[in-house]
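Take a look at these structures.
Look at the two complexes coming up: chain A is in both, with chain B in one and chain C in the other.
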Partner chain A sequence: MEISIKGVRKEFGSVAALRGVDLDIASGELVALLGPSGSGKTTLLRLIAGLEYPEGGQILFGGEDASLLPVKNRNVGFVFQHYALFRHMTVADNISFGLRVRSARRRPAREAIDARVRELLSLVQLPDIGERYPHQLSGGQRQRVALARAMAIDPAVLLLDEPFGALDAQVRKDLRRWLRELHAETRHTTVFVTHDQEEALELADRVVVMNHGVIEQSGRPEELYRHPSSAFVFGFLGSANIFPARVSAGAVHLEGMERPFAPAPAGQPDGRYRLFVRPHDLRPTDQPGLGFVGVVQEARFLEGIHRIAIAITGRRDPVELHLPAHETPPAAGSRIHLASERFGLFAA
Partner chain B sequence: MTDTTFEAAQKRGRHRRPRNVLPGFGPALGFTTAYLSLIVLIPLAVLFGWSLSGGVAAFIELATRERTLAALRLSFGGAAIAAGINMVFGLLVAWVLSRYSFPGRKLIDAMVDLPFALPTAVAGISLATLYGPKGWIGGFLADYGIKVAFTPLGVIVALTFVGLPFVVRTVQPVLEDLDRQYEEAAATLGAGRLQTVRHVLLPALFPSLLTGFAMALARGIGEYGSVIFIAGNLPMRSEIAPLLIVIKLEEFDYRGATVVAATMLILSFLMLLAVNLLQAWTRRHSA
Partner chain C sequence: MIDTLAHASLPPPPKPHELATARAVTRAATGEAPAIRLLLIAAAILFLTLFLFAPLALVFTEALRQGVVKFIGALTQKEALAAIRLTLITAGISVPLNLAFGLAAAWAIARFRFPGKSLLLTLIDLPFSVSPVISGLVFVLIFGAQSLIGPWLSAHGIKIVFALPGIVLATIFVTLPFVARELIPLMQEQGADQEEAALSLGASGWQTFWHVTLPNVRWGVLYGVLLCNARAMGEFGAVSVISGHVRGLTNTIPLHVEVLYNEYAFSAAFAMASLLALLALVTLALKTFLEWRFAGELANGLRH
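Here is the complex of A and B:
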């Protein structure tokens, strides 16, 4: 079901958690709400679920105002960060809970419920654990049971709060791929919250970056990564070297460097800026005209990438440079000349 | 060379029990056994010895006398009813104290412990005055034909008073630890408030409720001071078993007193055992 959020505001006491958020989620879309803690992403998720009520604005489910609909009538599947499985119930009872609490008129027959539980257990690839209790399962298994429980009620939207937050790295990666496949299969409209940019970029159709209670930018993962609209988004979506810089006479200069770093982008007004450049967008160059010179401090090799720290006079932190595995890293102590055509300029 | 000594050590070790990593098991167990013997086991053994000094048949005859049975029935029945009342209202108090914040919450929280702290005789006298035919509550209830003081009902009132803190203090921490997310999860799945309480909250609280019940029950069975002032102590009607023991002691009927005591002990043990088994059973299904 499509979901539309219009000008939603939420305060906790005197603290503004959301300051006017507009967002449209298409039916069947897989959306990530990405942001640091305190950015309002979890509050937005809980507002969609009906676990909180907005102070202003509207939340529409399929065109109908659901802002004041109580949570139990909203028909959302919510997966909690720590799963919130009912400890005294078996896995099967947990999954069927949402069906069993329905009024007699809407409750499926016993056999239909059992069949649905079996179907969901095989969907989450845990066919034989129906009789077990949550404490007998691993973290990854609990996560999948929680998801099955949320899907049992055929929710209008699936909401996942930091779904992989409590799992260790390898399980997290496996579950990510699995969730991607599951979504491709079921096409449930899904919104999940994460503070991990890698998770958001890998999993979501669309990433919504939030900061200080507003949406900074929203778009497809690659689009966001390539064209971040603000310094915050640039910095949050990956590692970046940040320089104070200025634009004058059609060129970008790094503060304290003689030669220009690059030609200024067309239409960029003169003035002071902060320049962001990704470690893998920097390139060693022989061209004498542009870029800057530094001294190689150390080179490490990790996950198929040479990670090289470069010291520059007048700058405290070394500049980070990433080179692909097939290239030979420069020796420590050698001088290196770097330039880049890809960078971001944001108001200082 | 190191290899051979290692192997030799291993071979030697094979004949020995593997040592526990926690040291001091022997002395600790020894002390525990000695201590429990001194404090619990030996006094109880002496009690049973005394009670059986006239033979088993005499024991049974004394234990099944009408007055003894009536007193036991009142003590155990009253304690069970009072513990049951406390289970319901203690849960309510614990709920209010842990879920809501309001002015005076700390004060009410402290008041819950008063039945612990108050000398039982003081409690008994206040209750007897309050619930007596001329007391505030007793006078009011008398208008409706309900007599509390000097009846079995009075016994229940006194036992409810002394048992309250047990349930509140065992349930409250569990309730405070119980994450709101379980209630929220139930709500997102479409459960109403009552369904959430019945299917999610109560099962989670049940083990601690049971513990509170057992403790209130145990306290109620043995309670003496607060009851005797309000009960009226009419034999066969409002006389509790601990009082019967005191009466027999005053009559120098030591065997009779120990028979009542031993019977109480056996019954208490069986009741607490049943509660514990029930608890173990529920725990196996939650953990």
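Here is the complex of A and C:
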């Protein structure tokens, strides 16, 4: 079901958690709400679920105003960060809970419920654990049971709060891929919250970056990574070297460097800026006249990338440079000349 | 290749003798000299014997000094039976009421933010900090003949002071904190996630309470009820002030023990007292069992 959020505001006491959020989620879409803690992403998720109510604005489910509908009438599948499985019930009872609490008129027959539980258990690839209790399961298994429980009620939308937050790295990777496949199979409209940019970029059709209670930018993962619209998004998605810079006479200069860094982008007004450049967009170069010079401090090799720290006069933190594995990293102590054509300029 | 690399980067496992040294060092750091240890243990045992085991043993030996027949005779006297019945009625009314109150208060405090919350928390603790005699006296002052509503009550034939209602009121007041105090930290620790999950799955408020909230705190509830009951049956001070000590009518077991004792009916007094001692032992056994079996499901912070 498509969801439309219009100008939603939420305050907790005097603290504004959301200050006017607009977002449209298409039916079947897999959307990530990404942001640092305190950015309002979890509040937005809870507002969609009906676990909180907005102070202003509207939340529409399939065109109908659901802003003030209580959670029990919204038909949402919510997966909690710590799963919130009912610990005194077996896995099967957990999954069937949403069906069993229905009024007699809407409740499926017992055989139908049992069949649905079996179907969901096999969907989450845990066919044989129906009789176990939550404390007998691993974190990854609990996560999947929580998802099966949420899907049992055929929710209009699946909402996941930091779905992989409490799991260790390997399990997290496997579950991410699994969730991606599951979504491709079931096409549930899904919104999940994460503070992990890698998770958001890998999993979502669309990433919504939030900060200080507003949406900074929203778009396809690659689009966001390549064309971040603000300093915050640039810095939050992937790593970046940040320099104080100024634009004058058609060129970008890094503060304290004599030669220009690059030609200024067309139409960029003169003034002070912060320049962002990704470690893998920096390139060693022989071309004179542009870029900057530094001294190689150390080079490490990790996950197929040479990660090189470069000291620059007048700058406290070293600049980070990434080179692909097949290139030979420069020796420590050697001088290196770097330049880049891809960078972001944002108001200082 | 990758395997060997991974192994190479790990520190070698500690050799057995290194482990042994490490253990010896820890023990030395926390331990005391054997003589001091012995002295401390002996002091603890002596203290416990003097103040706990000996009095307890004395209660039972005194109760049975003149034989089992006399013991049973003392317990089946008309006035003794009346005291036992009154105690059971009092506990039977006040414990369920405090259970309901404790659940409601704990739920409100653990789940919601509202003005006056910390005041409510403090008030729940009040009966623990006020002398029971004062608790009894307060009810005498509110409902007694000299009070504002006293004349109105007596005009309508409603007896509160020196009667069952007063005893129940005083008992409820004194035992008010037990269930709530056990449940508040437990419910705070568990958080609202499971309840929110139940609601999001379409459960109503009552379904959530019966199927999720209550089962999650059931052992905590039982623990609180146990302690509440022990106190309700054993309360002396508050009940003593408000009951008026009418033999066979407003004497609970503890009050009856005092009456018998003052009349030098020692073995009868101890026979009644042994009932309370037995209640204490059963409570203690059940409490220990609960703590042992369901440690994780009881509030960790507070023990009474």
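Quick notes on this structure:
Throughout what follows, the second predicted complex is superposed on the first by the 348 of 348 C-alpha atoms of A that agree within 3 Å, B and C clash if a C-alpha of one lies under 4 Å from a C-alpha of the other, contacts with A are read in each partner's own complex, and residues count from 1 in each chain.
Assume contacts are C-beta pairs under 8 Å (C-beta built on N, C-alpha and C of every residue); 3 or more make two chains touch, one makes a residue touch a chain.
The structure displayed is predicted, hence computed values, not measured ones.
Superposition of the two complexes onto chain A shows a clash between chain B and chain C. Of the two partner chains placed by superposition, A:W178 touches none, neither chain B nor chain C.
When both complexes are overlaid on chain A, the residue A:Y225 reaches neither chain B nor chain C. Look at A:Y53: by the touch rule set out above, it reaches neither chain B nor chain C. Contact with both chain B and chain C is seen for A:V71 once the two complexes are overlaid on the shared chain. In the superposed model, A:Y133 makes contact with chain B only, not with chain C. In the superposition on chain A, the residues of chain A touched by chain B in one structure and by chain C in the other are 49-51, 70-78, 80, 82, 84, 86-88, 97-98, 101-102, 149-150, 152-153.
Here chain B touches chain A in the complex through residues 179, 181-182, 184-192, 195, 199-200, 203-204, 282, 285-287, going by the rule given at the top. Chain A makes touch with chain B in their complex at residues 49-51, 70-78, 80, 82, 84, 86-89, 97-98, 101-102, 133, 135, 149-150, 152-153. Chain A meets chain C in the complex at residues 49-51, 70-78, 80, 82, 84-88, 97-98, 101-102, 149-150, 152-153.
Residues of chain C touching chain A in their complex: 193-194, 196-204, 207, 211-212, 215-216.
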